[in-house]
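Note that the chains take the letters A, B, C and D in the order they are written out, and that residue 1 is the start of every chain.
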């Protein structure tokens, strides 16, 4: 009676309608929630961070202060998520092997080899100025990972593997992760709490300078290392073909 | 905070004490009997079975009783599945499921009782718990509509196991009923009627049987019906009825074990269970004949046997419900008839293919029979010696007469029906293949019935298909559930 | 300050990093490292649980930042009970999972992933912050998918992907609920949300609750949302399925209960939730058991049984929410009793089933005929655990069902519990009969070349099964522990909330 | 008004992602849909942080009001978690493709059912 085309169309129409309805419901709820908050909570109490973060952490970027100090435990958790997904990718895909040697054209490679050292400046800046300006360990780490991926794409996986061996990536990821967890323990040994910053005796420094914010720059660095290494090795796993497991069954 | 399983135990008093003694005595005897048969793998479950039976009668709280029920069921399950054939497996699983269903009804009753009283000490349950308990009891005592588990399972196990199985399971049901139940909705003794009806109905079915242990199994159902009737009468009519029921439990447990042991010997010699093809054992095994006669006389209620005494008490106690009494009389007639048939076919019938030589039986195998038979005779002669039996004149002329009348009727019926009752089983190809009854009947085990037509196949296939719902459909389902939940939680 | 609440998360995280490092540098020591990490973590968990059970609620502010700005962790008697389960879980799974010969990449990573999984579960248990909870739930998802999608099994990647799709929706709904609560109350700290919850507009509160119920309902397999679970467990294999079902699932139940009682204040504000949970519980019991009965694969059968047993837990929980007051403590304790028992029984069942499947190299029930005679220890453990899970007195499984049934106000849930007992008897009994049949096929296939340590495994499994059986006769001690734990859930708003606020700057 | 618009945009993106997840059979496309859904949550978080006239939450800026910094921090975390999930989704896709040579989830789902 009805052709498959119409059936598929109707199914998709229903699905689309449902999705729109659901998301509009979400919007209504969020707006209602905002209205409720505006009614119940006085405006000056609205936001506890901005007024105090400079004094308490020495970081003028409040978002970084939250990420790396107030809610550093979240950051530890998400670094662990990255770590776990690297491990999962490795577990699922097996050891990366027999890297392909496809490269970009000569022109691109020439240009890149000249420009690449310059490209490294940006992520490092983002990481080191995380507590001063928008940015931080995650953003910088991702940019670094992009560079590693760029090397792989432009010069071929084999070259990439030679320049930055997978083992080094893995080791630096584990090292950064252990460093991240280890820094947390400083707080405990100093008689404060886990992942404490100023309370654990890290120098607050002068707000607005590079050497400020206590442990925040260090955490930024470690997170940056970890994210960079983690995301690059995810790429390596996804891109590399496993030597012993070429497609057996094709359906 | 009280523990759920206090395991309160005490040696019972009165008639329960005699039941305890019987349980212990038969447990030991039959356990040794199993060991003697070199059935080593049954030793552990059999021991557990005996222990659970004894635990049931020692239990002073409901939970311990329930534990005993379940342990009995599971150990019996192991004993029944023993031979491990496909049919044995099926029967044992059915047995277990039925038994545990009974346990679940017990669970409901105990839960309701505990919820209202906060106590688990053995005693009459609260009224709301009674219907569940009655359901549990009906299952456990194999009362008529749900008797099939017993008549299926008991004949299909190893020869030495059946007597042991016959001792505990149903009797523990009776015991529990005597301790926990007191139900007569609107003055109507449900249990008494069900019990009496079972007593008659099972006897009629027993008369139609040709296999030795199948026949005896139906008689277990019938005799347990007597006990249930007694317990049911106790609920509001006659306090003595419960004692009478328990006394019948004591006597019946003994003589039924005896009969099953006799049957086991006979089947062992013949290698098959078909009564119509046995015969001729009487002259070769006089001791076995004696034991068989004692057992048959006891179950038929011949005066001066143990069955006579307990049935007399039961009929006395049921005076308030004359119809129950009449039903019990009718059951007595049937029982008598059935055991005339049983003894006739087993011992006096002409050996109808010549049997293997049974005279090489070693004496030790007769020891348990002789012991049990002796006790049966003693109880029959001196019923007052049994602890807890009320002081009563058992052997008055009128009572003797009331016992002899149904027997006379049985004898009369036997004259009429002898041909029909002893006609060989028509089914050919039931030739015995070994000592075990299972082997003898295994040929009936059907292969899987046509799978496509098995009931519920379509339902199963549908459920399986449903559980292979594609991932996107699942996601859609999540969203639908979200919508429904949200709709239900939307403030009204 | 007592650092135990943070240590129970940090130690396994650091341990996972260390295991990976050791695996890269010295692969031979990986198993030892995994066992060490598990031991250290379990010890910490037990210490934290002891502290939480005996003393007042243990509060911890990470980085010394108190609730509105920082993340608080909290170990009260309720979470202490689940920490105890995790302690059992991590140690037992490390003992069971020690593999000698497997050198595949999955086997190399799985040790670290298990440590991370238990870290995530501990994090879910101790955290008192909604967003932090979300992070740990996602971490648990990532690790569990890594464990599910092992390479040896071709269908497992597909099953992992399906599980991932389910988890995405679940995570999205949780994040949405957290977002709504944050926008409405201006905080993600559970105690503060709990304070503000009674004043929330009813529809906001209801929708957030619905999102959370569906979110965790997907994880724990509430009935119309359970379709992905049997496939997932089957793909994961018995070792991992035991971890997912016996421990992962329980912690998600914990999170659901914690969120309902604590930040959402559902018993006070939204008692209607519990009627829904009651119906869902009954549906779960019936569906799970019936599906298990017609199932022909051992692992899937156990998976359906897990779905059914979530129903029992929900029945207890629903009763608690509907009663309210001091009687609710008893109902929650009943639900917790069943939770604990199911953890022991199901891990014992899965792990003993593992040995049987390992020997016959098939998980179809029909292929397991007579396998019992080759692994008597495993079949004994399996039978004991099955007795407990069917609910035969005097095992712990019976006791927990008894108390769950005791907590019900209506007769219908009790009847459903009884029906579940009978149905589960059918399929466990059938499996037992098939596994112990005396006419086994002429030859079993040669066992899988990777030999786990059968003796150690059997010992662990037997210990779990015996514990499940014995808990019934030691019910007084168990219940006093559980009542204490249930008080932690039911009364928590009375003492934890003010404590956190009072210490705020 | 601004916030409503942002919420609506986020909702639209979410609807697109969900729609893709519900209707696409290709695993890669489902991965993309998952990624789109993650983005919508980031947008919603940032929209929730919006304060009329608020400046970026950096203490150096001289401003009367700042936007709420906490959702920004949460958004960063959510991004990273989304990336992690996406990575394993892609890894699963690659593994499936290597083994079966297809990424059609519907066909794979039927091909790998266990109890047929």
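Everything that follows uses one rule, which is that a residue touches a chain if its C-beta (ideal position, glycine included) is under 8 Å from a C-beta of that chain, and two chains touch if they have at least 3 such contacts.
None of the values given here were measured: they were computed from a predicted structure.
Trainee: Which chain pair shares more contacting C-beta pairs: A-C, or A-B?
Mentor: A-C
Trainee: Using mean C-alpha positions as chain centres, tell me how far chain C is from chain D in Å, no decimals.
Mentor: Roughly 28 Å separates the two chain centres.
Trainee: Could you tell me the distance, in whole angstrom, between the mean C-alpha positions of chain A and chain B?
Mentor: Comparing mean C-alpha positions, chain B is 72 Å from chain A.
Trainee: What whole-Å value do you get for the distance between chain B and chain D if each is reduced to the mean of its CA atoms?
Mentor: 67
Trainee: Hunt down the residues of chain C that sit against at least two other chains at once, touch-wise.
Mentor: Within chain C, residues 131, 135, 138, 142, 145-146, 149, 151, 157, 160-162, 165, 169, 176, 179, 183, 203, 207 contact more than one other chain.
Trainee: Of all the residues in chain A, which ones touch at least 2 other chains?
Mentor: 15, 18, 22, 26, 30, 34, 46, 49, 66, 71, 74, 77-78, 81, 84-85, 88, 92-93
Trainee: Would you please write down the residue numbers of chain D that are in contact with two or more other chains?
Mentor: 18, 21-23, 44, 48, 70, 74, 77, 81, 84-85, 88, 92, 95, 99-100, 105, 109, 111, 113, 115
Trainee: If every chain is a node and every touching pair an edge, decide which shape results: line, ring, star, complete or other.
Mentor: If you draw each chain as a dot and join those that touch, every dot ends up joined to every other.
Trainee: Chain D touches which residues of chain C in the complex?
Mentor: Touching chain D: residues 131, 135, 138, 141-142, 145-146, 149, 151, 154-155, 157-162, 164-165, 167-169, 171-172, 175-176, 179, 182-183, 188, 231, 234, 295-297, 300 of chain C.
Trainee: For a test of understanding, state which residues of chain D touch chain C in their complex under the given definition.
Mentor: Residues 21, 27, 30, 34, 37, 41, 44-45, 48, 70-71, 74, 77-78, 81, 84-85, 88-89, 92-93, 95-96, 99-100, 105, 108-109, 111-115 of chain D touch chain C in their complex.
Trainee: Residues of chain B touching chain A in their complex?
Mentor: 476, 479, 482-483
Trainee: Which positions of chain A touch chain C when the two form their complex?
Mentor: 25-26, 29-30, 32-34, 36-37, 40-41, 46, 48-49, 52, 66, 69-74, 76-78, 80-81, 83-85, 87-88, 90-95, 167, 170-171, 174-175, 177-178, 181-182, 184-185, 187-188, 192-197, 199
Trainee: Applying the document's contact rule, which stretches of chain A touch chain D when the two form their complex?
Mentor: Its residues touching chain D are 11-12, 15-16, 18-20, 22-24, 26-27, 30-31, 34, 46-47, 49-50, 53-54, 60-63, 65-67, 71, 74-75, 77-78, 81-82, 84-86, 88-89, 92-93, 132-134, 136, 138, 207-208, 227, 231, 234, 237-238, 241-242, 245-251.
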